[in-house]
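Alright, structures below, take your time with them.
Shared chain: chain A. Partners: chain B in the first complex, chain C in the second.
Coming up: the complex of A and B.
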């Protein structure tokens, strides 16, 4: 199918992008690898697409003593290929390689994935596990949102209408940190049925129909999940923990 | 008007913003080697090179490619790796109908150039985003492996760590399949007496008044007509349909069909009321079948959260109605789903 007619507005400045996004029916576009399918299926019908990926700074990756500030328009493939500094002992590159397919990873961005907020996506769960911080800009200036308070429901985030995600700040893992990651899907690149993340002192279940859940132990899996999804989440978290502990 | 370079040639295209690159290449440039399969990024048939990197040309609007360099299968005629791949594809019977082949060639060339001499397992992993319904992939994988084996060995990345297949605790069993493929059972405690709840639940008009997004437009005997609107983030669907209403002893059901554009839904809601110490217990079984774009996109797990959230809101509205109060303002989806998943 083809999308409905819309206007395309590539952003040149942050002020211009914020002004364009204030118009009714305007929607930000980043890599478009999740947005374009829903638009082609006419499930999403924007009046204007404001292309935010050309914005200055969105393609910067800045290493600091405490971590990494990744611009929102950095692609999954750039993370996979090590084109950005590694502050997570290889964890982010490992996750990136498992996202969809290479042709999608070449276009899809970390910021776009976080804002689309599909529960089955990798980055919302990983950023929550890493205790990262989102840096967003709106008409009133910049504000910071903890990744653990980011996803509020499937496809719904803490981003207010008209705001843009600029970057995500990822805290550095101590050198030699062990991690584990398990993604359960029927075929490489498909939507995850369950995600498990194990970092030092952190256990997280993702792709669980809503926001990811930090767990003290397997017994903490959210009780509202149906039997199948609880079982898959238990498998994913168990595997992730075993992978971390075997590293 | 946009300008881009296609197969080494500058092109000016006058195309609306909604035209994706695949259509712009085929219709605007006459380059029909780029094939369109699913238009949702799954099949890989439309894969082309954008600034030298493989990309889905159906998931990229032509205006996003302004100023960029695009290479299609036609632009790989004189490319040495593509030439070797064409010969190997022919030798290994790596195509039959040829529909997936342009996308396969672009992806195969990227595998060979980016990864060098790789094993078949990695080739299969990298090919997961290109579907072929003829060959069973064996010929394709062998052809790529043969060409890759003749490439210089690139500095290999550290082997990818895999999550071990350890046994997880078995938590529960799986519900049996039913006539309608999707099924949710849900219970809501109602803080009102059984008969007060039944006074509302025996009347479709009062049910609709308690259900967020629902509107009843006609009720004659067993026939109901109405609309139902649900939204999930940026995605919204508004179904209009007809149903049959049946009522029993503190129990009822609605079986209906509805449409929203190309989306069609068929569903059944069965409910019965049972006494509870503090009022009544509403037991609901919802089953449905969804066809059309929404079904292609959505996963039942996402709808499960939506339904459970709606049921909770319906129950609170019913309690208010039984006490003669107006329905509450619609809660945010966030509040609904959080309350349901985390039980708070």
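Coming up: the complex of A and C.
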């Protein structure tokens, strides 16, 4: 299937992009790896795609005293390949390597994935586990949103209509930190049935058909989960913790 | 044997263009002013069409059945007694009977515009209850108005086995999922009316251009000479392209009417997945009766095949069930056999024969049940099979359904597989793994594959297009090169190489001077095309026969030119003692200086067309043993294939590399059938996997390195001893993999019965 006709508007300035997004039917475009297929299926019919990738800073990865500021249009492949500074002892590169397959990683961006907020995707869970912060711009200026408050529901985020995700600030893990990541899926690169993230002092369950859940223990899995999801989430978290804690 | 001839592991001639992106597929073909076509397809599985309203202003671009004057519906009646006929209209007429059935054809400058217009068409359909389950809906309500129920055909091999008193009776109810074949290239059609030739010129991604041409001419009321079908490079067939398409008929009608404007339709994944999940859905209620030693005394089976809504041309709605009844006893010695089959019409896509056809399901049913027999008899699955396979001394072996297993050593194939994976040492490894909390299992499947079977077999299965002899045309060109024309289609099998190797074997010119021409009804001998694991045997035999006759004629000319009585054909030249004349010189003289030859030699054309049949048309029987070691993750239900080994006897291999490629590709598809691929439907008949997010195909990460060991027992009935193995790889994996899974969990008293063996099904079995 082919998409319904739409206009393509590459952004030049932040003010211009915000103005363009205020128009009815406008939608931001980043890597397009989820948006384009849904447009092809005609499930989404934007009047205008505002391409945010050219915006100043969206393709920058800056190491800061406290960590890393990743522009929203940095691709999964760039993270996988080590083209951005490593402040997580290799954790981000490991996660990126398991996202979909290489063709998707070449184009798909971290910001696009976070804004799409598929609960089965990797980044919303990992950013929450890392306690990252989203930097968002709107007509009223910039604001900061903790990653742990980002996903409200499947495909729903704290991003307000007309806002643009500019970057995500990732705190540095102490040198030598160990981490664990377990993704349960039916085939390589497929969306997860369950995710487990284990960082120093952090356990998190993701891909649980809703926002990721920080856990003190396995007993903290959200009560609404059906038995099979609960089992898979418990397995994922247990395996992530085992990977982190392995000698 | 020469280095490039039969049996040589030469690299494929066609790969250069494929690897460099120089292949040319239907989607690469364009004509000036070409219009794009989109189809409005039924959103419901079953309903009465009350009204179709063309959008205002676009009436001339939208076509329904009412517009298709003079067009006949597609009919593929089986000749088997009791078969219920159905008409498949190119665009829906009166009723729709599956989601995705084409209702209207839209033409526009671009595909997107055609889809825009299709969205605007008004559609008033009164929805009817859908028949979605072949068991529950066999009795009705009927989906065809004049039928009493939904039984397309009922067959019975009626041996009353009630007198069989077996100490072991194992009965299983097993189900295989409906699948979509998913060739890398989907279907596609580019068609125009050629004014000069007064001919419909259709480019279609087909594996049987001549059969398509015949069917299309019938439906459009055109003489066959007014239809030309061209299949350029075809990116995978598997049976998906062995069909006359509704789209081909509708677009052929429109192209004829337009006069010269070309039309293009390229199937997209969504329409493929939602409208064309068309294979593999079987249900078995099978009982194996055995003695204490595990010897089979009888097999009793009731099988259902979900045939979908119509009878697809040319293979019909009941080929698969007819095949089930005749091949269910597998490769074994089975003294008594009773089998009842039903082909059941449902509101799904019409069934097409997918690589392996009924064999994959049958092998799954019998082989998994045999493992249960082995468990009950307390013997190993290998030992049980060895006790029931016919030995080499029994060959040719005629089995209970009168299949003639032509040659081979079936027990040896299994022994080699068992030795290669150290089956004897496996129980100890399994116990050690269990001690670590891991579940591993070893599974086997043994089967034979009837291939290249011909007239008598397909006549017996009732299909409306019975294959006869396969023809090849060979032409020695004036420069000493060879052109070979065949009616079969190369859509990945490497035939541009293997058939050239056959010609080289007889005529000696290097492979790069031999060109295989196929995929065009105007250029090639009539043929039923590529299907049924027949091309290496049938087209290979035909090329061999035609080249042999050409060789005789070349020899005769050589003898004349050398003025010798005794001549020898060697290294691309004719020799008489120390004198010789190159074949290229003979070609030059024949075509360009015939005055040097006597008149009777001038009329012996160096262009030969010959038909070929095997010694018997009952088919070659390749066979194989698959061995799988699998690990089951009890926490997630996931299965990891730790080892996959195949012992295969394809007779004399025309090219071992090509044979390996065939087996590997098939095995990858079989792994899909075993573990991943499934098109679920809801009770309204809606397919629930319309993208590859939901319809999982195995990828590189899911297919292990597959080891292949060859046995090469020549077939006594084929030209070079070769056997058809095109489907073999896809037959064994579901049986072998599920046997491995069951071996891993049998000590818990658990078993998997339905495929694909998804994590959900495995967790349910373990729960």
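Here, the second predicted complex is superposed on the first by the 246 of 247 C-alpha atoms of A that agree within 3 Å, B and C clash if a C-alpha of one lies under 4 Å from a C-alpha of the other, contacts with A are read in each partner's own complex, and residues count from 1 in each chain.
One rule holds for everything that comes next: a residue touches a chain if its C-beta (ideal position, glycine included) is under 8 Å from a C-beta of that chain, and two chains touch if they have at least 3 such contacts.
Note that this is a predicted model, so its numbers are computed, not measured.
In the model built by aligning both structures on chain A, chain B clashes with chain C.
In the superposition on chain A, A:117 makes contact with chain B only, not with chain C. By the touch criterion defined above, A:3 lies against chain B and chain C together after alignment on the C-alpha atoms of chain A. Between chain B and chain C, the partner in contact with more residues of chain A is B.
Contacts of A:191 after superposition on the shared chain: both chain B and chain C are touched. In the superposition on chain A, contact of A:36 is made with chain B only, not with chain C. Applying the stated contact rule after C-alpha superposition, one finds that A:228 touches each of chain B and chain C.
Of 57-65, 93-101 or 183-191, the segment of chain B running into chain C after the two structures are fitted on chain A is 93-101.
With the contact threshold set out at the top, residues 1-5, 37, 41-42, 101, 187-189, 191, 228, 231, 235 of chain A are in contact with chain B in one structure and with chain C in the other. Residues of chain A that touch chain C in their complex: 1-5, 37, 41-42, 101, 184, 186-191, 193, 228, 231-232, 235.
For chain B in complex with chain A, the touching residues are 16-18, 20, 23, 39-41, 44, 47, 50, 53-56, 58-61, 63-64, 107, 110, 124-126, 128-130, 158, 160-175, 184, 232-235, 237, 261-262, 293-294, 296-297, 299, 301-302, 304-305, 308, 332-334, 336-338, 340-343.
Taken in their complex, chain C has these residues touching chain A: 110-112, 115-116, 119, 268, 270-271, 635-636, 638, 676, 691, 693, 696, 698-702, 758-760, 763. Touching chain B in their complex are the following residues of chain A: 1-8, 10, 27, 29, 32-33, 36-38, 40-44, 49, 51, 77, 90, 94, 97, 100-104, 106-107, 117, 119-120, 152-156, 180-182, 187-189, 191, 196, 208-211, 213, 218, 221-231, 234-235, 237-240, 242-243, 246-247.
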